[in-house]
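Chains: A, B, C and D, in written order; residue numbering restarts at 1 for each.
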């Protein structure tokens, strides 16, 4: 299993697609976006669900956390059933987010990869993409990496997605 | 757990969103589309992966079946971990597809719902949507229901998505 | 030229794609959505641009109206240059919106088609689509038709997109 | 008017959105993608329409050229009606494509900007995006610039979208 962690607009999704292309075996790609697409739109709201605060901060409520807990167990079960999985994650709480996944993935072979991008560059890319809430990139650039331990780190401000993917793929046994 | 089965362009996704809106608890929505989005694009090809034959038939190869087997176990694990899940499925092999899920979901409370739509109407809707491969709707309209047992069946040729959702929701305990 | 006018989620886009499929000549499809996609995101805001008020009402400011005036002249020029055009419009101001287009299209052969849908059905479809701001369908269902004169009217609450398209196509010389 | 010309996946769209953000006045963005979205799907086929040849080459037939001729006149009319327009173009035929636009835009103030990107980098980005036909980027990287005269050229292999946009914006009077 490969877990990528990085802020919004740091370039994780591009790296995931490049990883799927360069790795010799078929790998499935899931992530925060998969879970967010699965929740009812009523949960994309302040309160118990997933709240998008002014300025781009994302706040996860208790209902979202409950859904996420089941989601994490499900992904772990897929990996235990033999699927190779690339996870595209945003650890909103930094180390705490990694801890949640680490506990569920106990016993599995996991490569932890940090995807960094300077906040100002990520913010410009967010604007260039045109499909993201402005502010998320800057708000998440640093905080998602706080206290997180990685096997490898890449920086998309200095390397193309494919180059980052090749560095990560080289660590996969 | 609610499992919806129906052909392409039969209107399942609309029913899923209406179900999420009318059911009092938060339900997560996953389905065939989630899995297809997760596989590498190299698997969307003739051979071992998922092949789209001329005319709209979809053929699942061994690599796709292996990924699907892990996916099914993962969804079952999410349900066992307490998540309420609506599954938006296309049983390409009819009864055989249901059997795969039934085995994995043993012991869980499952509502099986068939979403029917006349092949010609589904084909016209496929054209009206403009984002689907032409031919899939007609090709799947009948075959996905072959030998499948349902708790409830709805027909989107005669009822709006919301009306179908309300009928299904009325069966949820 | 064919001008379709109807509220959000009344089913215009599906009819447009069916019209393109059933009409013997190639027709180009443009509309409100094309213009909205072209404006800078800074214009999707209260004030001079295009404002989405709570409840789903859409308010067009002076900057948006200026852009629209140029847009209308451009579409008219395309039609005068020989292009067959289907326009997918939302006359927020009813008759006033038609008047703006009628003036620009003077001398061209135009078929005016009204696309109606009961507000409650449109609101349910808006929810089923899952990609629209909730409230727009109900807010626009009646008001966009106020004082507008049509050559033909269709009602998507009682007929499929393809059936509506065939009725409209039958009026095209 | 600003005309950007560059191959698929060279990064034009990102530059367009950044230009819209940094330019003080409201600019409308149109381009090849707008026209392609407007044509009937029957025209996305070998023959008279727009053909996507194996390997990623795009071949424009007579029907597509006729639609494009009307489109060009329409955009010119919008500009003459006072709209500030950023055009996101792919001159498949190089100088010939520029000539078509230059004739229509006679008398207007036009800034011609070339958006370059090394073919191999564009091809990797095409793969990273995951929503484009593989091969278009490499196929178009050089050919679209053949014989085209520019007021300014930017290279997205060496500069972020925002940086390129600022260089171009500095040339706008």
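Everything that follows uses one rule, which is that contacts are C-beta pairs under 8 Å (C-beta built on N, C-alpha and C of every residue); 3 or more make two chains touch, one makes a residue touch a chain.
All values derive from a computational prediction rather than experimental measurement.
**Q** With a step meaning a move to a chain it touches, how many steps does the shortest path from chain B to chain C take?
**A** The least step count works out to 1.
**Q** Between chain A and chain B, two copies of one chain sequence, what rotation angle (nearest 5 degrees) aligns their Cα atoms?
**A** Superposing the C-alpha atoms of chain A on chain B needs a rotation of 180 degrees.
**Q** Specify, for the interface formed by the sequence copies chain C and chain D, whether it is same or different in terms of residue numbers shared by both sides, with half as the dividing line.
**A** same
**Q** Please work out the Cα centroid separation of chain C and chain D, and write it as a whole number of Å.
**A** Here chain C and chain D have centroids separated by 27 Å.
**Q** On a C-alpha centroid basis, what's the spacing between chain A and chain C, in Å?
**A** For chain A versus chain C, the centre distance works out to 39 Å.
**Q** I need the residues of chain D touching at least two other chains; which ones are they?
**A** 17, 21, 41, 130
**Q** Which chain B residues qualify as touching chain A in the complex?
**A** 17, 20-21, 26-30, 34-35, 37-43, 49, 63, 66-67, 69-71, 73-83
**Q** Note which residues of chain C are touching chain B in the complex, please.
**A** It comes out as residues 13-15, 17-18, 21, 121, 124-125, 127-130, 160-162.
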